[in-house]
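Quick heads-up: structures coming right below.
The following pair of complexes shares a single chain, subunit A, combined with subunit B in the former and subunit C in the latter.
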Partner chain A sequence: MINIPLNRVEGDLELHLELDGDRIANSWSSGIMFRGFENILRGRAPRDGLVLTPRVCGICGTAHLLAAAKALDMLCGVIVPDNAVMTRNLTLLAEHIQSDIRHGILMFMNDFINPLYQDQPFYSEARLRYEPFRGTSVIKAIRETKKILEIIAIVGGQWPNTSFMVPGGIATTPTFNDMVGCDYIERSFTGWYEREILGCSLERWAEVTSLADLDTWLEEKPDHTQGDLGFFIRCARMTGLDRIGGGHGNFISTGLKDLQPYSTRAVEPLLMSSGFIAKGEKFEFDQALIAEHVAFSRFEGYGSGLHPFEGITIPAFDPNPDKYSWAKAPRYNDHPAETGPLAEALIDGDPLFADLVRQQGPTAFSRELARFTRPAKLLPLMKKIIRTIDPKAPYYRPVGDIPDGRAYGLIEACRGTLGHWLEVQDGAIARYQIITPTAWNGSPRDANAIRGPWEEAIIGTSVKDPDNPVELGHIIRSFDACLVCAVHFCTRK
Partner chain B sequence: MIGRSPEIKATLLMNTRIICVGNRLFAPDSAGPMVYDILSSGQLPKRVELIDGGLAGLNLLCCLEGIDLVIFVDSVQGFRDAPGIIIMNVFDSLHICQDYDHNAGLGYLLQAAPQVLEEKLPEIVLVGIQTDSDSRLYHRAARMCLEIVSGYRRQTVS
Partner chain C sequence: MAVNLYWMHCGGCGGDSMSMLNAESPNIIETIHELDINVLWHPSFSFAPPADHRRLLDALISREVGLDILCIEGAVIRGPENTGMFGIFEGKPKKNLVAQLADRAGIVIAIGTCASFGGVTGAGATDAVGLQFSKKDIGGFLGKNFRSGKGLPVINLPGCPVHPTVLMGMLTAAARGVSMDLNTYNAPLEYYSMLVHQGCTRNEYHEYRIEETDFGQKGCLFFHLGCQGPLAHAPCNKFLWNNRNCKTRSGVPCNGCTEPDFPRDDPYFYTPNIVGLPIHLPDGVNRPHYLAYKSMAAAAAPDRLKHRKTEV
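On to the complex of A and B.
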């Protein structure tokens, strides 16, 4: 048995592993901090969720804001103006893109400068590119992702900790000049992404629709092999990332819903489809089939799973080692499911990733490839949204007091499916349940003792050096683990 | 600028940003947000912006642009034997997290900033508060922020 605290993830994660020789025979993923936002919110005014829940995460605060706003929209029964829907989505996409790039360049690629790889042919170049604070790609990635976030500042009127989304729309009124500014930022970022990350145009990348296409594309031009994406593919193949990190093969995504079906605007009502995939078969998404289990979580037990509208969050430290995580175990129709860019791509019918998973199964490689290339899909959507927003049309439809009742907001955050379930009684929050993407991916076992997605994904992995388990780092980071927003003390050297 | 005192001239020229960082929902890391609440309830000098930096970390890079002086207010650990306030204008003694993650925080931000910002780095001061929960220290830190602003302006003029 070995215990591994894993760094370079968002938050606090420990893995407890059982080795059979050098192979992982069993695993337990442990979220080590209880947060309790659900309990903080109880008794507060319904709109407080708009201010408090973005603090759940320092990376994807916009996603939490949107999920909270959508839950309140539903509760109020308000039809949000097209402009507001598009502006909300614009900021969500900006957040996705900064997160995808930062995760790829700052967190994931950093593993290729692990001393274990010093004899690999890519090692010296990887150091030049990905060394913290000095790597050429690191510097450029931080600089460019800073710029894309300015879109949120422009349309949200505040950065950081913006709270511009409200039930009924948004509280700001972006002008024509604001849209021009957003357009400039998007174009500038797209140019950088094409030049430095892809090494080709977005249009050329969109033509890559199979594993064979990917191989052809890689060999087509030096620019393709030299971009960060090409470099990732070469490193990943040399280190066998396309052979590790499988998992259950179940995927969940709420998709990206845009305008209401009755909208007359030129943007498609649905930007990415939602669904659930089990054993290669896709099913319609139905939030009623979601349940959270606590059989192996450090909460007061309640038998099998509960839908979030019935969710109970009572922390209970139990010395019983069976209870090993402060994360609950979300399940869809009693199945564990992984979520994130790969799940989104598969559920949306992306032919490249469908072919990759058909030929190789889900792997650390396919997950990270999906994340690295997601901006290639999102940037054109951003452009379309920016050019469709009509600054003279309304951004808000008034709502009165928030009524009592139940509602939910489901969206795709950077790391996957995010849901907020809200119940208001007598004008105050009676219940607020949040299921984050990492709750899906990093969940402990459920009432049926089925492992969570990344617990399963690392089974069978060969670990060369238990003191330096870089293979596990690749797999866990391919899920873009985000357990909590931890504490940021300045400490002395 | 004829007819204007040096102090007024400096006020016109110097832009300052006070950025309070931390997690208001976690008491040991809540000093920055506490000071933010105090400062936001009063009147700030001209050309002083107050930012609730929260847990934004690297996302605060844009707040280091277009500004002359930045005062960070944050919880600190290990700088004093007893609770109190430290003021630093050099960051050599801060622990810098080499890995980018949620623990990267202010140290990572300040290490990255000179490499990635495309304009001159502002003067940066840290008002660090080492306490479990002492509201008198929060008030003192808020006063100190304003003293730093006026002192910096006087110093710049002289």
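On to the complex of A and C.
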């Protein structure tokens, strides 16, 4: 048995491993920090979640704000003006792109300058590109991601941690000139992303729809191998990332919604579709099928899974060797499921990732490829939104006092499916349950003793040096782990 | 001579590290190069394997490697029952490591409100506190008598998150050995003597008591919508956020995230008031005079403000 602390994830994670020779025979993933949010929201005013839940996570606060606002919209039964829906989505997409690039360039790629790879042909170039605070790609990624976040500041005040989304729409009123600012930022960022990350235009990349296409694309021009994406593909193949990190093969995504599905007007097409995939078969997404287990989580036990509307979160203080994580275990219809850009692409029917997973299964490579290339899909959506927002039309519809009741907000955050489930009683928050993407991906075992997605994904992996388990780093980081997020908020009074 | 810096995440969300990446002129790259800062470890960006990290920690604790600047992000988790087991590293309470490293450091900087005063993490049930304050009370985790190697208390840089310009400025002061004058809560006066309200583009509306009761308008948010701008100490309207904007300018009430009692118990987006006047007046203001001034100001308000003709 060995214990490995892992950094370059948001929050604190330790892996407990049982090795058979150099292969991982069994694994336990422990979220080792508990922030105990139980008392923070309970009893507070219903809108307070708009200020406090973005502070759950420093890298995806806009996503938490959106989930919180959508839960309150639902509770109020309000039809949010189109302008507000679009502005909210615009900021969510900007946050996604920021996170995808920061994770890829600042947190994932520097595993390739691990000492283990010193003799690899890519090593010296990787070092030039990805050394923390010094690498050429690092410097550019910091400069450009900072720029795309200005869009959130322009329309929402600041990033991170604004609270500009409110039930009924948004509190701000972006002007024509604000949209001009957003337009130029998006255009400049797209130019950089095409030039430096892809090494080709968004249009050329969109033509890559199979593994064979990917190989053709890579060999087509030096620009394609020299971009960060091409460099990633070359390093990943030389280090075998396309052969490790499989997992259960279950995926979940709530898609990306143009307009809320619960609004009374006709539902417009989703920008990306929602669903659940198990063993290659796709099912419709239904939040009622989500349940959280605590059999192996450090919380007071209850039989099997509970839907978040019934969720209970009482930390278990007694040392119990079975209970090994501060994260709960969310399950969809009793299945573990991975979530994130790869799940999003598969559920949306993206042909490249469908082909990759058909031929190789899900891997550390396919997950990170999906993350690196997601901005290619999101940037055109941003442009469309920026050009469609009408600064003269309303951004807000007054809702007055928030009524009692239950509601939820479900969205795709950068790392995957995020849900807030809210109950208001006598004008105050009685229960607030959050299920984050990393709660899905990094969950411990459930009541049926089934491993969580990344616990499963590392089984069978060969670890050459337990003091330097870079193989595990690749796999866990391909899930873009964010342990600070895997928290639970509020119990029954 | 390189300046050694070690960055540690405790009970927080990592938002201050993300905010750090947004610094502009100087940005984080320029700051590190100009000051010759040697980032021994940053949990979000360092690539050394776990065993190398352990050796580094041993070398810091044995003083074999000098520690000039210790940056701590997040509150120190002490629970349950003072065991610290709600937040661990290598199976042991992380708070022990905080104490060991703080003892070795030339200067200790609390990055953000959680590390300074407890903040959002401190509002939870894990007995989490700031490094040298617990909300407004001095003491915190290290105790009121703590002094770093250079004889300084913990320097607090509150904010949820910390403003990146404040962070770059303080790193520069620390690396060059410039002493900063501090306020009651050991935060540099240069950044924390001003109020969020100063420089807000809605100030003229505030001046003539054009106060809004709902979102989406151009007037001031202080009287009814819970804005803490005239009470919160921070340079948000001087430096702005992301070089562009800030919450109050865009119409989002300030929630006072730099204050020692953040998050307060009062509801957000709502101002407790007596006969239409906020209970908590701007910092240091005399109530009867403020009442008289506001009545006269409202009477003097020009139509262009009353009719929200002036853009903000």
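The criterion applied here is as follows: the second predicted complex is superposed on the first by the 469 of 493 C-alpha atoms of A that agree within 3 Å, B and C clash if a C-alpha of one lies under 4 Å from a C-alpha of the other, contacts with A are read in each partner's own complex, and residues count from 1 in each chain.
Note that in this section a contact is a pair of C-beta atoms (placed from the backbone, for glycine too) under 8 Å apart; a residue touches a chain by one contact, two chains touch by 3 or more.
Computed from a predicted structure; not experimentally measured.
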Which superposed partner A:196 touches (first subunit B, second subunit C, both, neither): neither
More subunit A residues in contact - subunit B or subunit C: C
Contacts of A:396 with subunit B and subunit C, given as first, second, both or neither: second
Touched partner set for A:172, first subunit B, second subunit C, both or neither: second
First, second, both or neither for A:40, with subunit B first and subunit C second: both
First (subunit B), second (subunit C), both or neither touched by A:159: both
Touched partner set for A:292, first subunit B, second subunit C, both or neither: neither
Touched partner set for A:110, first subunit B, second subunit C, both or neither: both
Touched partner set for A:467, first subunit B, second subunit C, both or neither: second
Touched partner set for A:133, first subunit B, second subunit C, both or neither: both
Common ground on subunit A, meaning residues reached by subunit C in one complex and by subunit B in the other: 7-8, 10-11, 37, 40, 52, 55, 58-59, 102, 106-107, 110, 132-134, 139, 142-143, 146, 149-150, 153, 159-161, 484
Parts of subunit A lying in touch with subunit B, wherever the complex brings them together: 7-11, 37, 40, 52, 55, 58-59, 102, 106-107, 110, 132-134, 139, 142-143, 146, 149-150, 153, 159-161, 482, 484-493
Residues of subunit B touching subunit A in the complex: 21-26, 28-29, 51-62, 74-79, 93-95, 98-107, 111-112, 115-116, 118, 126, 128
Residues of subunit A that touch subunit C when the two form their complex: 3-8, 10-12, 14, 32-40, 44-45, 47-48, 50-52, 55-59, 61, 102, 106-107, 110-111, 113-115, 132-134, 139, 142-143, 145-146, 149-150, 152-164, 166, 168-173, 175, 181, 315, 317, 326, 394-396, 398, 467-470, 484
Touching residues (chain side subunit C, partner subunit A) in the complex: 9, 11-19, 21-22, 24, 27-29, 32, 39, 42-47, 49-53, 77, 79-81, 86-91, 94, 120-121, 123-126, 128, 160-161, 214-216, 218, 236, 240-253, 255, 257, 263, 265, 267-270, 311
